[in-house]
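Across the two complexes that follow, chain A remains constant while its partner is chain B and subsequently chain C.
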Partner chain A sequence: MFLKFSLRSVFNGAGGGNDIQWCFSQVKGAVDDDVAEDIISTVEFNHSGELLATGDKGGRVVIFQQEQENKIQSHSRGEYNVYSTFQSHEPEFDYLKSLEIEEKINKIRWLPQKNAAQFLLSTNDKTIKLWKISERDKRPEGYNLKEEDGRYRDPTTVTTLRVPVFRPMDLMVEASPRRIFANAHTYHINSISINSDYETYLSADDLRINLWHLEITDRSFNIVDIKPANMEELTEVITAAEFHPNSCNTFVYSSSKGTIRLCDMRASALCDRHSKLFEEPEDPSNRSFFSEIISSISDVKFSHSGRYMMTRDYLSVKIWDLNMENRPVETYQVHEYLRSKLCSLYENDCIFDKFECCWNGSDSVVMTGSYNNFFRMFDRNTKRDITLEASRENNKPRTVLKPRKVCASGKRKKDEISVDSLDFNKKILHTAWHPKENIIAVATTNNLYIFQDKVN
Partner chain B sequence: MSAEVPEGASAEEQKEMEDKVTSPEKAEEAKLKARYPHLGQKPGGSDFLRKRLQKGQKYFDSGDYNMAKAKMKNKQLPTAAPDKTEVTGDHIPTPQDLPQRKPSLVTSKLAG
Partner chain C sequence: MTRMMFARGLKRKCTEDEEAAPSYSRQRQSLLDMSLVKLQLCHALAEPSLCRSVLIANTVRQIQEEMTQDGAWRGAAPQTTGRAPLDRLVSTDLLCRSVRDGAGDGPAAPAPRGLQSSIWEGDGPLEDKGSFQKSLDQILETLESNTPLSVDELFSDVDSSYCSLDAVLTGVVGGAQSGQDGLEALAAMAAPAPSTSCKSDLGELDHVVGILVET
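Up next is the complex of A and B:
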């Protein structure tokens, strides 16, 4: 056990967020178009990092595949090219409840690969779908009863028999919905998380969490229900949920009040009573109208090791040790300068923006987005942080990104940007880090940027 | 989160410092209350949550719809209240407003 920990710390050193020089690699999407459907709503690498999926407001999924490295010219790791694209969800209207159901993809989660095909779960506000993505690179030819174009031959014209054979064809990638998990959520689904048993997964809405079996669509177990008997007494909602990466009985869910509850499914069928409650004590004299709103947790992610979890609230990222409930072990300020702009951010609704966060493969660096198309990385070992910008201005491949700095007050230095000049319409809510390498995917409103660290 | 106060300062010194350095959050709160004096007493409480839970609710009144269709020029369309506690639907749909719920037939530009 001790040996494991010391090995981990040796590898941690080479991968610090700020020893890395991040370079522009690719950008996807339209340059000028501002179509609502194109707004990217989720980004996720698969378990090997070979595939990168995005979901958008129009209900579409686009999957990119990393091309195999060119061994001779290894300037960079392989580029990501379009592998498959399909319409995952469509808009619906629930006439009974007068409820419009958006087709926007809230989350995509990949299943670990078991065979030649790839599987992912995608969800909108109400329905989760299991998609199978498979390759077809050969097709049967030489049927006796069918022409090559598919028309049926008159059996009476057949004089000889032949055995159909498989011939190679241009690669075709097909996506087909294999399961549809519907009608289990009254409120809006914010999270899905696949269990480490690879058989079950959870889906969470504002008030309830359900447990599903991947094979069974007509039944779901409710494992958390925080709906009060009288809705007038509603004080908090569920904002995110995730299964522990190793313990299949453990999951966490975060709330709009800044708390995280860890639940153990072995304790009882209905996990309304938490096993652990993570909450940082607040100084009551500091409480303001905004306190609860900015403490609302927009994302929760376990570290790969399973020892820590990270939460994102409006202004900060916090790292919690699962063994310590009373406060986080690390807190990183994402954009503290916004604290003196809360009034305008409340008026323009930006204070309700839900930023996500992610870990790098070795759990040594964490990343999250901000405004003005800035994103931030915090190195947990060196305690250094960096602010970078996703912009087409830096789009020459292998151009090292220049660190950005926001000037909170006082005299603005050259190359700094003042808080009042920040564009609050340019928000980076979704980012993803390759599970093994220093490759990151950063989504601006409707563009996807891929950055890599400088090789040699 | 809390105002920057050096550890080890006595209680009186801390209070003094805090009085001098007004919490930016509290200053922002004062600004907001000045602009919206009727803002609900409960900070960030049930109103936000109820609004969040009701997202997607589209109420339809056929009477209003037909009147709007008949182009009654004198009809006053109620405007959305600036009060953030209002949670009801905010305008009467006209034929142009009713969303044509067609699935997206256009391929994503990310794949272009």
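Up next is the complex of A and C:
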């Protein structure tokens, strides 16, 4: 499955290798990082890349829209400006368990556009909602029976008949909840994924995966259930799930033990028996008490082509060929220098951080986040990788970002940063890549950075 | 091999002084203690992450398993260099306290009752939030009083409240329309996640509700 490109976004792997030069484009969010509700918890481009949605800890969704390019002065692609902001989820209290249900948005997934309106699914720990985002740029004026302010006229004063006409008004973007899919998850929802049939979607929590129809809210089908009969025997949970981009009967789910299971819904109603099991044998020389924790997969994403899938565990990114179950075809080390620090990272809980990963539009480059507001990109063709930083210090548009380097041990060179100086509170968990162009969105704790490749 | 297992993930001290550097066993012990504390804190949070709890519990099991193999579980291990410090022996002794009938092998070796009871008794911040859940736990504990407390049982409260009560709730909110009475009807309505354990737990729930009403 190929995607077309504009000339500017061509990434030349061969013939000298024109590496992308990433430039700062925009940053969204407050300058001070104090407000907990502003913590960004998910980032997602829509299918055209024109819209970019973020969800935060306070249950809000903010959608940015790319302004249409000015053909005359195309120094850069259009900027992303706020298009719509709405409160998707509210905090709830589960009285029976005496526990709060967080309003934090765990995931947003866009539906492909079918008409003038846009639709997206947003989810917190327990409830998924389908939102319709529509534009209104005209309003009816000149009612027969009503005044302009809405009050009804005295019927005896109505002597003529007039029909209201639509007049232009300032653009208003409205978000309305169209479906609420609730009460189907006992555990915390970690993933939602829309099927390629665009009619159904799956939602996954720690122990179960449910299949929904977008039109039906009072029923869902349980397709995976790994809850043991005796909860005391629980040793493994589901960490992520995704539908195959082309085969509407196929989906995968990853586990906390580093395995990925591919399931075919045609095989049986309950897909507890996988069709394929992807697992890399453990390297015995690297074995430690933390081996299992760092093997836990925090994200799984199919390539756009559907031929590969990528998984993210604590220290690495792995690319799997769906036809080969016994090991990944490619492995990229994100921050191997942390391997000797695992005990400290366990102590401060950073070892449980769930990093996401993403593909570029042509599946040639993959990206994931790290600490100290660093993020990493791996080019699958050239095998080159780069580390960049999301920071307000590189604030000027069209400033090319300088590659960063972490010094693992020994003498630190100039411009390198040592492992002990890394700020583990500054973590980049969520990143997104525009489906067609070299535009990326990178979320630090409270801010959203947009970077583009250097144009011209 | 076992020494390597831990050494990789461990923060090393700068000093090369043999005596000052903590022994592998002591480090392993402190990792075990840290893990148990983390599990305890899990219960204190409003929304404990099940994934994190499972991973920590698995780590605890691994450590216990290795300690059992080393013989450290029994406190009789001819470990490391020189004499083992007294405090280490004491803590090992604590771990051994709840071991019954000499079956100290295998990964299911129970964690010490001494340490575990503090987890269950719930102090401070836990009381406000989880008080209902905790009293339910204690009631259910009495129902299955034969099994010794173990790290595994940390999930048993998740089981009872999540499965049975939520299954009931799901049925209620989903709009139970049938004419049947009682919890069985609600169980039938809990279509999204049917499982036999849910139904048997509902029987227990009956029992529990009975206990609550009587007291």
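Quick note on the criterion: the second predicted complex is superposed on the first by the 433 of 456 C-alpha atoms of A that agree within 3 Å, B and C clash if a C-alpha of one lies under 4 Å from a C-alpha of the other, contacts with A are read in each partner's own complex, and residues count from 1 in each chain.
Assume contacts are C-beta pairs under 8 Å (C-beta built on N, C-alpha and C of every residue); 3 or more make two chains touch, one makes a residue touch a chain.
Since we're looking at a predicted model, the values are computed, not measured.
Peer 1: Kindly say whether there is room for both chain B and chain C on chain A in the superposition, answering fit or clash.
Peer 2: clash
Peer 1: Quick one: is A:Ser288 in contact with chain B, with chain C, with both, or with neither? Answer first, second, both or neither.
Peer 2: It touches chain B and chain C both.
Peer 1: If you stack the two complexes on chain A, which partner ends up touching A:Thr235: first (chain B), second (chain C), both, or neither?
Peer 2: Both partners, chain B and chain C.
Peer 1: Return first, second, both or neither, reflecting whether A:Ser98 touches chain B, chain C, both chains, or no partner chain.
Peer 2: both
Peer 1: Examine A:Asp125 and indicate which partner it touches, taking first as chain B and second as chain C; both and neither are also allowed.
Peer 2: So A:Asp125 meets both chain B and chain C here.
Peer 1: Quick one: classify A:Asp137 as touching chain B (first), chain C (second), both or neither.
Peer 2: Neither partner.
Peer 1: Quick check on the superposed pair: does A:Tyr346 touch chain B, chain C, both, or neither? Answer first, second, both or neither.
Peer 2: both
Peer 1: Determine, under the contact definition given at the top, whether A:Glu199 touches first (chain B), second (chain C), both, or neither.
Peer 2: neither
Peer 1: Should A:Glu174 be classified as contacting the first partner (chain B), the second (chain C), both, or neither?
Peer 2: A:Glu174 contacts neither chain B nor chain C.
Peer 1: Just to be sure I read the superposition right, which of the two partners does A:Asp415 touch: chain B = first, chain C = second, or both, or neither?
Peer 2: neither
Peer 1: Looking only at the overlay on chain A, choose which of 26-34, 62-70 or 98-106 in chain B hits chain C.
Peer 2: Of the candidate stretches of chain B, chain C runs into 26-34.
Peer 1: Once the two structures are superposed, pull the chain A residues common to the chain B and chain C interfaces.
Peer 2: Touching chain B in the first complex and chain C in the second, residues 97-102, 125, 187-188, 206-207, 231-237, 256, 285-290, 292-293, 296, 339-343, 346-347 of chain A appear in both lists.
Peer 1: For a test of understanding, state which residues of chain A touch chain C in their complex under the given definition.
Peer 2: Contact set of chain A toward chain C: 96-102, 125, 182-184, 186-188, 206-208, 210, 218-220, 222, 225, 227, 229-237, 239, 256, 285-290, 292-293, 296, 339-344, 346-347, 349, 352.
Peer 1: With touch defined as at the start, can you tell me which chain C residues reach chain A in the complex?
Peer 2: 4-12, 28, 31, 34, 38, 46-47, 49-52, 54-55, 57-59, 62-63, 129-133, 150, 152-153, 155-156, 158-159, 161-163, 165-167, 169-170, 173-175, 191-197
Peer 1: Can you list the residues on chain B that touch chain A in the complex?
Peer 2: Chain B reaches chain A through residues 1-3, 18, 23-29, 31-33, 35, 39, 43-46, 48-50, 52-53, 55-60, 99, 101-104, 106-112.
Peer 1: Quick check on the complex: what are the chain A residues that touch chain B?
Peer 2: 28-30, 33, 35, 37-38, 40, 54, 56, 58-60, 62, 82, 85, 87, 90-93, 97-103, 125, 187-188, 206-207, 231-237, 256, 282-283, 285-293, 296, 339-343, 346-347, 446, 448
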